[in-house]
Amino acid sequence: MFLRDLISRLGGEAIGEVEHPLDGIGTVEAASGTQITFLANPKYRTALEHTKAAAVIVGLQDRDITSRPRIIAAKPYAYFARVAQLFHPVVRSVSGVHASAVVHPGATIAASAGIAEFVSIGANATIGERAQIGAGTVIGENVNVGADSVIAAHVTIYHYCRIGMRSIIHSGVVIGADGFGFAPDFQENTGCWVKIPQKGRVIIGDDCEIGANTTIDRGAIEDTVIGNDVKLDNQIQVGHNCQIGDHTVISGCVGIAGSTKIGRRVMVGGGAGFTGHMEVCDGAVISAMTLVTKSITVPGMVTGVLPQMKHEDWLKNIAHLRRLDKLANEIKEIKGIHKKGSAS
Amino acid sequence: MFLRDLISRLGGEAIGEVEHPLDGIGTVEAASGTQITFLANPKYRTALEHTKAAAVIVGLQDRDITSRPRIIAAKPYAYFARVAQLFHPVVRSVSGVHASAVVHPGATIAASAGIAEFVSIGANATIGERAQIGAGTVIGENVNVGADSVIAAHVTIYHYCRIGMRSIIHSGVVIGADGFGFAPDFQENTGCWVKIPQKGRVIIGDDCEIGANTTIDRGAIEDTVIGNDVKLDNQIQVGHNCQIGDHTVISGCVGIAGSTKIGRRVMVGGGAGFTGHMEVCDGAVISAMTLVTKSITVPGMVTGVLPQMKHEDWLKNIAHLRRLDKLANEIKEIKGIHKKGSAS
Amino acid sequence: MFLRDLISRLGGEAIGEVEHPLDGIGTVEAASGTQITFLANPKYRTALEHTKAAAVIVGLQDRDITSRPRIIAAKPYAYFARVAQLFHPVVRSVSGVHASAVVHPGATIAASAGIAEFVSIGANATIGERAQIGAGTVIGENVNVGADSVIAAHVTIYHYCRIGMRSIIHSGVVIGADGFGFAPDFQENTGCWVKIPQKGRVIIGDDCEIGANTTIDRGAIEDTVIGNDVKLDNQIQVGHNCQIGDHTVISGCVGIAGSTKIGRRVMVGGGAGFTGHMEVCDGAVISAMTLVTKSITVPGMVTGVLPQMKHEDWLKNIAHLRRLDKLANEIKEIKGIHKKGSAS
């Protein structure tokens, strides 16, 4: 691959030697003399002076930042991602059904799909063209997996759930387990929780990626719905009846309680939480480990987290939180005295 | 199914046409003309005026809130849950052991139990009547699964753990992995952690539900014990030697460190944490994302979470937390001056 | 086993009857008359008076705290751990490959390794001497599992990842799923996230333990690296390109965003978070549920969590956080008046 090949496939403008052979991608610091790197974050400008990379992808404003062979692109990071995809294309497993797989006779498997060992596929399930199902994955009855989707090993998809096209689901993901719904039926000292059957589905759109060990519960009555191009990191919990809009990105360990409706192009930091039955508008940004308890109606960042402190400082300062109301009253009182004083 | 059928099975009083055919349940907003809905939350009263539902389950105080055919029940939500169970009975898998399952000859499987494909069952394990074991689930040696329990696909139950009757365990759950126990043995710059063998078990009672990807560690010396009718949501971590009392309900993503003893009918919000070696009394309620570091001895709600703010407001206000002690001292000082002033 | 056997194997000094037969370990409170217990925490001294244990392991300073047969050890807890290991040695599965396992002909399995049922092992994978692979586990292409490591049931190890020697990996763990890396390519109302291929590996050292359902993502370009003797509890998320130093211990439910570099002998409390692209120095201690947003450069404890309060107290006190800036300004103003007052 040469610089000119990248330009011809992905566009952009090349400056400098375009015939230098390239065999991969690298970071500014670690790229070898046959790799291409990129500059998207200004703080790496200094490091760029010392890079060994054969070529660099830079933004329009950084056109002359280096004398190395370079590609000028409007969005250098996205350009780099596409270059990386060229160097590291998705490895497709072979098509066909492994002899050990248990496929219900009523299931429909596209001829170009690949079904690995120990896969279980239930009645009336449909697996689309070129879709891949990893070892040991369990596909329930009436599940639909769209064309070109990649389901890794050890995924569980419960009955009637639907996965769109070109989506990637990583290992340990559980889609469509029962939502958490129980009605209390207690008197005095007797009684129990009554389970509410969870009859909705999980519907996942096209071009999504779901990280390892994430769980998405099926709806109680209606469906749980994940839009298109939604990216969920690892270990996320999505409760029943949630809706997540297109292009939304959610970092790891986030918990989303039932019936939360998250808009389009929302960004959620790691470990954040949503208490459920609320709406989050398009374009909202939620900081890491922030608990959202009320609807967000205006785009922009929302935060609610205590900053890190030396433990001694924390002890000293945070103790006052328990008497903040008293402190506030004391200030009020003092102001009252002053006012009275100046009035007299 | 007709309204009169529900009354004859579940009790309550019917008002209006009891011969209208019903074929399912729905929400107040979305129910069709052949579905039954319910009103438990007063905020849906207005929506009830526009419902298309064939019938409504209402509480004693809402007897006349609608002219539609209705059922009057003391606990309309629990009544609705039972109606939903009638319309959506649990689908039992067929009994018998799938040809691909690997069952140790020393295991005991009830004739009415259903063992799916790729299940592994260890020596001396016992699977009760009508119990179901989902595809790919691994049941260790000497494990006991009670009658009528449903273990979904991809569950792992380590050796010697016990699951009671009528309990439901969802996919990805791991029961009985080693608790997190290591003794430090370090000198200066050498040394290592010494693993403490985890020889206790996990004992889960009857009528429990354990959500997808939840983990419950085996005890170190004694057992980890989950009572009856305990409901755990997804992605919860229960450390070794914990005890959780009957009817307690814990939302998703909660982390419970070792030797925490949680009482009966406790409710825990999502993402909360317990630092371990403490007791939480019966009837306590812990808010979402609250860290419990001390025992709770009085029923009622406990909270410790920062509210969500616009990021600019957070920056402005929360910075002062780092000097709250100084602020408090300044107030004290001012009060001293005033006192002195008024005394003079 | 007798007290003298322990001394001869593990060192330490015995006081009292060394011929009493011992058949196990127990807690101070629950040990039977044939079990040995230990005292490491002073708060159990009183309980020690009532113990039924046959013998006790105590520290140098507690030499005469009891008249029972006892072992004096510099580190009684570590000594106890080693005694427990003697009573509860790891049970090795039989060696050999189960008939149902699917092993690629290009994989290399040591003759003394044990491969359980439904295991899948990819091309060029290597499984070391005496290593054990539990039921249903999926080992990708070119994975290397070191000698004496124990991989439990239902573990997924993606291609090219490496596990050292004597490490233990619990069920549900996912090692080497794709890191969370996407470049935004949006204009106005169109566009999408461009996936950045994740071509790094996960490298895990010797003597590590990885708890159930923990996930460790593969690096984007470089590797994700876990050192030696690192102990990770359950449900932890480690992002791409993280590095974790030797002997570091991390409690459950912690989320570590990409490119976090954690030093040696760090201790992290449950539910803590790291926002990524930072360094945490050797010997740092992070409190439970604390979010680390900046590098930690000095050993010692760092905390950032709101204390638990009665909900009424929380409502009353925490409301002021939203106007803390206003309160601080009022204090400043009052101080100004006083200053002016005293100046006049």
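Think of it as A, B and C in the order they're written, each chain with its own count starting at 1.
We take it that a contact is a pair of C-beta atoms (placed from the backbone, for glycine too) under 8 Å apart; a residue touches a chain by one contact, two chains touch by 3 or more.
All figures in this text were calculated on a predicted structure; none of them were measured in a lab.
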Item checked: Path length in steps (a step moves to a chain that is touched) from subunit B to subunit C -> 1
Check: At the place where copies subunit A and subunit C touch, is the share of residue numbers found on both sides over half (same) or under half (different)?
Finding: different
Next item on the list: Quick one: report the Å distance separating subunit A from subunit C, using the average Cα coordinate of each chain.
Entry: 25
Next item on the list: Mark out which residues of subunit A touch at least two other chains, giving numbers and ranges.
Entry: 100, 118, 136, 154, 172, 213, 235, 253, 271, 289, 305-307, 309, 318, 321, 327, 331, 334
Check: Given the complex with subunit B, which residues does subunit C contribute to the contact?
Finding: 25-27, 30, 75, 77-78, 80-82, 84-85, 87-88, 90, 98, 100, 116-118, 134-136, 152-154, 168, 170-172, 207, 209, 211-213, 229, 231, 233-235, 247, 249, 251-253, 265, 269-271, 288-289, 305-311, 314-315, 318, 321-325, 327-328, 331, 334-335, 338
Check: Along subunit C, where are the residues that touch subunit A in the complex?
Finding: 100, 102, 118, 120, 136, 138, 154, 156, 158, 172, 174, 177-178, 180-186, 191-197, 199, 213, 215, 217, 221-222, 235, 237, 239, 253, 255, 257, 271, 273, 275, 285, 287, 289-294, 296, 300-307, 309, 313, 316-321, 327, 330-331, 334, 337
